[in-house]
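Both complexes shown next keep chain A, but they swap its partner, so chain B is in the first and chain C is in the second.
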Partner chain A sequence: MDTSRSYLEPSSFSKKMAAAIIIVYAVITLIPISWMVMTSFKNVDSAISYPPEVLFEPSLEGYVNLFTNRSRQSKEYLDSLPPPKNWYEELVRSREMVITGPSKFLGRYSNSMIIGFGSTFASVFLGALAAYAFSRFRVPLKDDLLFFILSTRMFPPIAVAVPIFIMYRKLGLGDTHLGMIILYTVVNLSLAVWLLKGFMDEIPKEYEEAAMIDGYSRLQAFFKVVLPQAMTGIAATAIFCMIFSWNEYAFAVLLTQFNAQTAPPFIPTIIGEGGLDWPAIGAGTTLFLLPVMIFTIILRKHLLRGITFGAVRK
Partner chain B sequence: MSQIKIVNLQKSFGDFTAVKNSNLTINDKEFFVLLGPSGCGKTTTLRMIAGLELPTSGEIYLGDEEVGMLRASERDIAFVFQLFALYPHMNVRNNLSFPLKMQGYKKGDIKSRVEEAAKLLRIDHILNSNISSLSGGDRQRVALGRALVRRPKAFLMDEPLGTLDAEFRELMCLELKKLHLDIGATTVYVTHDQLEAMSLADRIAVMDGGEILQADEPNIIYNKPKTKFVASFIGSPGMNFFEVNEGISKDQSFVNIEGAKFEIPKQLEESKGSKNFFGIRPENLTLNNSEGLKGSVFGVEYLGSRKIITVKTSLGEIKVKTDISVNVKLSENVQVKPLNNNIIIFDGQTDKSLNSEFIK
Partner chain C sequence: MSVKKKFKGLSDKAVGWLFIGPTVLLLLAINIYPLVYAIKMSFTNFYANKIGREPQFVGLKNYIKVLNKEAIWEKMQVTASFMFWTLLLQAIIGLGLALLLNRKFKGNELLTTLIVLPMMLSPAVVGVFWTYLYNPQVGLFNYVVNFFYDLGSFDMIGSSTLAPWAIVIVDTWMWTPFTMLICLAGLRSVPNYLYEAAEVDRASKWQQFIYITLPSVLPFLLLALLFRGIENFKMFDMVVELTSGGPGSATELASINLKREAFEKWKTGYSSAFAVILFVTIFGFGNVYVKVMNKIKER
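Let's look at the complex of A and B:
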């Protein structure tokens, strides 16, 4: 019998099994995403061909269509035009169309950025202050307040869609960036307070007390001593908040139309000639996926530590 | 360096009173220990002196200045925490410089002060190390150094040796004592460990239930405890007590306990009620086979140079500290009698010790 390993350590067979399960799961999860990315590089015909093409000639048509508005023209008119100035004009001309201007995608995308990062910052910042107060001070009715904060998460946010819609119209917050930032912050804040309170509780209060004796005010100690130590928690919380506000669809459909519309309600409305323009939708969703992916990869190190942080006290 | 004086200090957390109406004067350059079981209010008292908690009522004087409501950073004190609380993102040198930087010292001054403190604590060779690479003892030295560089009016220490292992604790105890002799700073030190308190303190205040029961030099605390709690808390094991079901009158020099007569020091004070306690330290008792209280040996603990023998008698369990040469077996029948007249009578109503020829 092999006695070289401890009883607590899994055997090499079970390690291999675990790895195999994870690989299978990863492949299953990645199939739709890779199909989406593939679709974004197909042309309009190969995207809807049957049987589906797995090997295809890559094309940037989807991305061009995503960023431009086009109109179909007669062959005579196209021939009368000067030769195309660049590759995407050429691509559009080959489809017997001309570019009439940029599409709304970039604007919607930057709306998503502003609202996503804005509300993430606000949730984490306000959440950290509230969590710190709950963690350190004798707040009257602390447990009840914490439960109340959590209870705002117990119903689906969309349940209050109608009152919020009316409130926002009365307050002039409908279809504004500020309105969406406030809304997503409110939804995320309970999560942020609860997550961050756990992390703050793990930071010994002696650190900021030492700093306060050495000359910091409470607020300085919070920013310069507590926050740096809570970085793992802040990163984990920021990712959760970002994912929610970036992906949120229902309120965005309801409350935004022109000025502050985010990418999720916009992408499905991309309509090409004679039906949905699948390569453009694929391109839109691929680009939409990137920021959260990059954001998560940047904070990944913190996230891994963050989720298990505090499980074992040194 | 300064005298610390607290006057009628009180602290309540909601319905719970952590510190009750305390008065205390800590002399300049004194090493003063607040000693008591957990939850007795010693740490709260220290934190109020530091400014980490604000008093509910009462005053705190640091030197001549009333500081009770000042911010911690405005009090010119240094605090050493049980968990060291070194800034983990800074190296040793930056940890030591931090309080000086905050007070706006010049770079050159900071450097020389840091190096001076480091030398004193023998941490000058690890100035550029990271905190996480240090041992517990070194971390505590750095924490002491961070307190030292400021040359504050007073040092406040909250169980600074509590997390060190036994070997290190003894070593650091010696170093602390030496450090105190070298720099002679007023120090208030909180601990629940009576050995630490005894070996470090110029004076000890024993606290229980938010009250200061007695503040005296260690030998007085040990030999002439003012209350029954002090007598039982100090000493290892603590004092033995027997119920005396009679009133104590002035000049009395005998008591009856369960029909047996015991000699006591001549009393100078009478008791309030008819139920009192006879207290004697384990080392003032002896075992023999001819006279005294009959009982059987219940337990024997070896302490190296001494033995503690627990004897089960009709008055309950009695701890006797004997010479190592005394040989008794478990369940053996023995008799216990006082070795001398170092006996204290405690008033059953007030728990205070009654004055006698032995304890005046």
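Let's look at the complex of A and C:
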């Protein structure tokens, strides 16, 4: 009998089998994402060829189409133009089109950034304050308040969208960055409070008590002792809030149109008239998903906590 | 207690209110106020696009209309079957993957991170790129299916029998990692001595799974399903971009129907009543579910 390993340890064969199945699953699950990234480097013809092309000649057409508006022109007109100044003009000309200007993509992308960062900062700041109070002080109706904060997350966004729409119309906040920042801050607050309370609970009370004995006020102790200690938790929470704001669609599509529209409602419109510009969709999707993928890798240790509002901590 | 008074600055009580106040106020203003407003509107015949027209009180008329409308029950059925299949598949596949990942082989962490990626993506954007994968002429999904089993030409999004499955597949692809991660945490929380004792008692591996592993993971799995259940009851973004509720109304979930009534037909009073009904449903089910979950945990 093999006594060299604990009987709790799975056998090396069963480990290998498990690894094999997991690898197969990982490969299958990543195919849709990789396919989108690959499509972003195809040209329009290659993206609509059947059977789908796995090997293809890389092209930046998708990215050029993503960032520009173009119009189709007659051959005579194109011949009458001076030769293209750069590679992307040449690429567009080869499709018998001319560039008429930059597309809205950059604007939408930066709206996503502004609204994402703004709301993340606000919800983490307010969330950290509330979380600290819930973690350290005896607050009347504490559990009810905490549950109330969590329950706001259960509202279907559409259910409150009409009143918010009307309210924003009255206040002049409709289709503005500020309006969206406030809205996303509120949606993220529940997550921020719950997650940060968990992180703050883990910081020993003795730290700030010692600081207060040394003459710090409660506020000073919070800002100079507790916040620096909670930095990892705050960073993880911030990334979760950022990802939510970045990905949010329902409010964005209902409450913004021109000025403050974020990328998610915009990306589907890139497809163009013929409905065939998949490389541009791929390019927009790739640029949009890339930050989230990087964030996910940074976050991997806190993922579980984040997705369960701190209920499961591992 | 008296020690605390020696510290300088604001009292703890003042700091407490100062810290919690803004959060509660903001939630009241942007979450509770709109909800109360929606409840108020649900008793009127208000149309948000007709400014200046004074809404009239109509009592429970909107609620009666919603509950008597056959189409609403159809939407609820579409939502229920979407929830049933996604939760079932995600429970089974998620738990299976967690059991495998729990064998702690090399590269385990890296693979977990890779598998988790889909659920962090924007559901709306995921919906957009799956329309490409499902494209009946050039879609990769259709190609792969035909490669293994020749179905000829089929249209996942355009066919009213296949479209409900199209959204189930995408949701399962996206959110299985969620149940997987939570189940994995559950598996890791089982203390080793339980298995050691079982070995001493000569319990078979199967018995260990049924009597130790499963009961320990169950509360975690139920928690994961609660989260997914709430989210999928509200499901909007991914399905809107993938099928926009179609073809016909084959994938028109409750939220999508609500959006149509509220933002396309502008029947504010009526749609508010519908929203309140949905909200009460989700809250009611959620509460019952939590009670059941706690009972199971106590056992």
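Everything below uses one rule, namely that the second predicted complex is superposed on the first by the 266 of 314 C-alpha atoms of A that agree within 3 Å, B and C clash if a C-alpha of one lies under 4 Å from a C-alpha of the other, contacts with A are read in each partner's own complex, and residues count from 1 in each chain.
One rule holds in what follows: contacts are C-beta pairs under 8 Å (C-beta built on N, C-alpha and C of every residue); 3 or more make two chains touch, one makes a residue touch a chain.
Just so we're clear, the structure is a prediction, and the values are computed from it rather than from any experiment.
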item	value
First (chain B), second (chain C), both or neither touched by A:Leu126	second
Partner chain(s) touched by A:Met212 [first = chain B, second = chain C, both, neither]	both
Contacts of A:Val225 with chain B and chain C, given as first, second, both or neither	first
First (chain B), second (chain C), both or neither touched by A:Met167	second
Contacts of A:Pro58 with chain B and chain C, given as first, second, both or neither	neither
First, second, both or neither for A:Pro102, with chain B first and chain C second	neither
Partner chain in contact with A:Leu254 - chain B first, chain C second, else both or neither	second
First (chain B), second (chain C), both or neither touched by A:Pro204	first
Chain A residues touched by each partner, larger count belonging to chain B or chain C	C
Intersection of chain A interface sets (partners chain B, chain C)	212, 215-217
Residues of chain C defined as touching chain A within the complex	7-10, 12-13, 15-16, 18-20, 22-24, 26-27, 30-35, 37-38, 41, 48, 97, 100-101, 103-107, 109, 111-125, 128-130, 132-133, 137-140, 143, 173, 177-178, 181-182, 185, 188, 192, 195-196, 199, 220, 223-224, 227, 230, 233-234, 236-237, 240-241, 255, 258-259, 262-263, 268, 271-272, 275-276, 278-279, 282-283, 286
Chain C partner contacts - residues on chain A that touch it in the complex	7-8, 10, 14-16, 18-19, 21-23, 25-26, 29-33, 35-36, 39, 47-52, 126-127, 129-130, 132-134, 136-137, 139, 145, 148-149, 151-152, 154-167, 182-183, 185-186, 189-190, 193, 212, 215-220, 222, 243, 246-247, 249-250, 253-254, 264-265, 267-268, 278, 281-282, 285, 288-289, 292-293, 295-297, 300, 303-304, 307-308, 311-312, 314
In the complex, chain A residues that touch chain B	138, 204, 206-207, 209-217, 225, 228-229
Sites on chain B touched by chain A in the complex	13-14, 50-52, 71-73, 77-79, 81-89, 98-99, 102-103, 146, 150
